[in-house]
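You will see chain A twice below: alongside chain B first, and alongside chain C after that.
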Partner chain A sequence: MMRQTWRFITAGFYFQLRMMRGKPDWFLALITAPLSTAVFLTIFLHAERQDLTAYAVLGPALIALWQMSLVTAGELITFERENGTLEALVAAPARFSAVLFGRILAVCGVSLFAFVESWAVGWAVTGRPESINRPVILAATLLLTVLAMAGWAGVMACVFVLARSARTFQNALSYPFFVLGGVIVPEALLPEWLQWPAKLVFLSWSSDLLRASLSASPATNVSLRLLAIAILGVAGYLLAAVLLERTLRRVRQTGSLAHA
Partner chain B sequence: MSEAALRVEQLRRSFSVRGCTRVALDGIDLELNGGTVHGLLGPNGAGKTTLCRIAATVLLPTSGRVQVFGKDVVSDTAAVRRSIGIVFGGERGLYGRLTATQNLRFWCAMYGMKRREGRATAVTLLDRVGLGDRGDTPVETFSRGMKQRLHLARGLVADAPMLLLDEPTVGMDPVSARDFRILVDELRREGRTVLLTTHDMAEAQAVCDTVTFIDGGRIIGSGTPATVRRLATATRRIVVHDVPEPEAQQLIALLVEADLPTQTEIDDRSQTVNLTVPGEKVEPAMALILRAGHSSITSAPPDLTAVYLEMLGRRADGTERGMQVG
Partner chain C sequence: MPDVEALREPRRHPRASAIIAASSRVAWADLRTIYTPLTWTVGWLGRIVMQVVFYALIGTLLGDHRTFVFLFVGQAVMACVMEVFMSIASTTWERGAGTLPLLTAAPGSLWPVFVGRSLQWLPSGAATACVALFVVGPFLGVSWSLPTAPLAAAAVLLTGASMYPFALTIAAYALRRPGWRNVLSSVASTVTMLICGVTVPLEFWPTWVHTLANALPITHGLDAVRTLQSVTITGSALPQLGWTALSGIAWFAIAVCAFNVFGAAGRRDGSIGFGD
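Take a look at the complex of A and B:
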């Protein structure tokens, strides 16, 4: 059972990579990330805040990760529906959730390239590479972030199945989550009433830890913060699993599997 | 009770759209024996595709029961999915940017095959549907008929004992359609059960062991093509060949005056007169046609097209179906 589920996940993963190969429309976030990095860096350097260059490098990369994962991955079901393949996918013996997870994971994995891009642009603009003082923390945080992102992208995918105007949801959700996720402004600097909701967004823990991994100052409570990302990620998976089950049952009941 | 390949009991399915309820299937009962090809015939919106979708587990019944090889499509979904291959025809339903081989390999993976097995299966199936030399071509460049053939190959990926083919030959050229009939015959000989929806009566007559006429969500006739033809009508079809237009009009006037045919039709292009005549009037009609000097005549029981038109050519309120032409 586990082996078969793993096979469906890897099948979904490789299939998605194949679908994305040589198709720039899947990579729009990766195209805009270097431009955003350059803009943020220019602003911070003009304000003589060299101490904030790490924010300018990580912010656009996190935005790209969010956009590719939640927007592109969240749209996977909508794409299947429009392509007329959703019914056949649901009717196949493969666990739909496993295939979807594999595909989302592929998108999230590819989106990590935004960190390389932003780091390279940071080097080009400032003339020195942004130093990675704690590579282990960086690697662990990125890994957990991608996994957590895949879980929450699954939640979004379910919402998009039910909504006819999925893109409106995407646009409406992005900016509030950039704020709550502390991608540019750390959660600690948000107004107090926003700090608690921000703590429930795994991205806020991720962005703080990623900045800590670049900073020369000692990083505190690393395990606890990694655990927070993991717990919130698992919450995403559980919610996605429940929602997907209910959503598929609902569309089979309403007969809207082939259309919203 | 013996295990039928497909058993449908009192199946009802309705859809609610903006407060209005439309009944797509209204108490359908159907039973298919294993290893047979069954045609589901009816006009657009009759409920054929809805029935296929319920059997394919992608749509839930409002009430009633559907079993595939004894497994319930609602409560035993996983088992049903392992025992069916589906083909929802049309332009969509394939990954256009991927090649035909990549499409099939993905579907092989969805049916639990290992990569090597999937690769070999894709090659075999592409050969089987006549796309062996187009395996590396992106599907978006395929013609409609080629896409239909790839749909068929996808349906065969499961190697399932039952196949649900929803209008599988739409857009196929005559050669492909003939090949499809041969393929269905092979599937029957392999012992598979096929449920086929189609508008092509010649195709249904050629490949189906049994047919069901469905309209307005209800079954209005079922049986073998031969029994359905008898069930539907006691008329016969007479075709008079090589009759140019003025003579055709005269011949029809003669026949109508003698109150012999129930339906008449002149085909200018093939210069034929097509007549539908009650069984007891075949002899006098033939005699009259011969007396009028026409000896090139064929007579046959009505084909499925004629039966279809007789059974489904009119709506329940008596108005004619179809477009307002002529």
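Take a look at the complex of A and C:
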């Protein structure tokens, strides 16, 4: 059973990579990430705050990760519906959720390239590469962040099936979460009434830990913060599983698979 | 033998203004389809306000209220321009709908069709920018005086209107590469944000970047809005507003040429309906 599920996931993963080839829209976030990095870097350089350039390097990469994962991956089901292939995918013997997860994972994996881009732009603009002082923390945070992102992208994929207009959700999904996720301005600097909702966004834990991994100062409560990302990620998977099951049951019952 | 020339219908060339008015009806219909009042307010306006706040918060990180105001005003005006840049995508929708060959074959020119086709973004963009500037701004310490605020609102509208032909020029190119429309729009928007004084003053950049930035109406329009935010004398922003309008007119002429070139090249090599 596990082996079969893994096969479905890898099939979805490779299928998505093939689908993305030669289609610039899938890579929109990766194309704009270097420019966004330059925007944030120039703000900090103009303010003569070279100590904050790490923020400018990590922020656009996290934004690209979020946009590609939640927005693009969330649209996967919509794309299949428009393509007229959603019915066949749902009716196929392979578990739809496993194939979908593999595809979302492919998008999330590709989006990690934004970190390399931003880091390279940071080096080119400031003339010095941003040092990675704690590579283990960086790697662990990135891994957990991508997995958590894939879970929440699954949630969005389900919401998009039933939403009248996916675009509206896409619009509402970006900047409110960049503020709450502390991608540039740490959650601790937000007004107090916003700090609690920010703690419920796994991105706020990720961005803090990623900044800590580049910082020369010692990182505190690392395990606890990694655990927070993991818990919020698992919450995404559980919600995605429940929503997908309910969504598929509902669209099968109402016969609205292609027109929800 | 009947006189063939007499039987032929006289060629009628509709006036550009009539074509713009007709195609703008499609624009308003598109806007009504894309947004309901609720989705515009919650989905779009909410997103734009959060974008403006997101950038302005960097001022908080830097511990400098002046930077906060600078980024807030810059992003609010940029929000209008960003929406105007959506015309790059909506121009290519005609290609997707299969109507481009018909529009090219029609007796009227192609450019008025596209000038009217994407007008919907302008009032929507100006409205979101004005809500950010004049409704959200005062709550966050971005204050306005009564005589300058209405002129600042007009400056936002003028900036959007002057950037519209710039967006149409890019759109004329995007018609050849419709698959790249979103990339072109996003890259144009981010480069504009980078060099036109939206996030850092123009003086930050070397002189050759100033020349590029000064060719874009937003550089002057945004400067006018910033002036109006910091002073109480309305006349102080008039030179910048003049430059905004002038550069907008120049871009309008370039956009007309770009659509004419696109139409002529497409007729010549038969590529109107067969881009990537």
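One rule holds for everything that comes next: the second predicted complex is superposed on the first by the 260 of 260 C-alpha atoms of A that agree within 3 Å, B and C clash if a C-alpha of one lies under 4 Å from a C-alpha of the other, contacts with A are read in each partner's own complex, and residues count from 1 in each chain.
Just so we're on the same page, a contact is a pair of C-beta atoms (placed from the backbone, for glycine too) under 8 Å apart; a residue touches a chain by one contact, two chains touch by 3 or more.
All figures in this text were calculated on a predicted structure; none of them were measured in a lab.
> Taking chain A as the common reference, can chain B and chain C both be placed on it without clashing, or not? Answer clash or fit.
When both complexes are placed onto chain A, chain B and chain C end up side by side without any clash.
> Classify the contacts of A:L144 with the two partner chains as first (chain B alone), second (chain C alone), both, or neither.
neither
> Between chain B and chain C, whom does A:C108 touch in the aligned arrangement: first, second, both, or neither?
A:C108 contacts neither chain B nor chain C.
> Looking at A:A47, would you say it contacts chain B, chain C, both, or neither? Reply first, second, both or neither.
Second partner only, chain C.
> Name the contact category of A:L189: first (chain B only), second (chain C only), both, or neither.
second
> By the touch definition at the top of the document, which applies to A:K23: first (chain B), second (chain C), both, or neither?
Touch status of A:K23: both partners.
> Considering only touches as defined above, state whether A:L35 meets chain B (first), chain C (second), both or neither.
After superposition on chain A, A:L35 lies in contact with chain C alone.
> Classify the contacts of A:Y175 with the two partner chains as first (chain B alone), second (chain C alone), both, or neither.
So A:Y175 only meets chain C here.
> After superposition on the shared chain, which partner residues are touched by A:Y55: those of chain B (first), chain C (second), both, or neither?
Second partner only, chain C.
> Specify the partner with more touching residues on chain A, choosing between chain B and chain C.
Comparing touch counts on chain A for chain B and chain C gives C.
> Look at the superposition and give the distance in whole angstrom between the closest pair of CA atoms, one from chain B and one from chain C.
Between chain B and chain C, the shortest C-alpha distance works out to 12 Å.
> Shared contact residues on chain A for chain B and chain C?
On chain A, the overlap between the chain B and chain C contacts is residues 23.
> For a test of understanding, state which residues of chain A touch chain C in their complex under the given definition.
Touching chain C from chain A are residues 23-25, 28, 31-32, 35-36, 38-40, 42-47, 49, 52, 55, 165, 167-169, 171-172, 174-176, 178-179, 184-186, 189-190.
> Using the touch definition up top, name the residues of chain B that touch chain A in the complex.
Going through chain B, the ones touching chain A are 13, 15-16, 53, 56-60, 78, 81-82, 84, 86, 88, 90-98, 102, 106-107, 109-112, 114, 154, 158.
> For the complex, which residues does chain A have touching chain B?
Going by the criterion above, the answer is residues 4, 7-8, 11, 15, 18-19, 23, 83-85, 87-94, 99, 249, 252-255, 257.
> Looking at the complex, which residues from chain C come into contact with chain A?
34-35, 39, 42-44, 46-47, 50-51, 53-54, 57-58, 60-62, 64, 67, 71, 179-180, 182-183, 186-187, 190-191, 193-194, 199-201, 204
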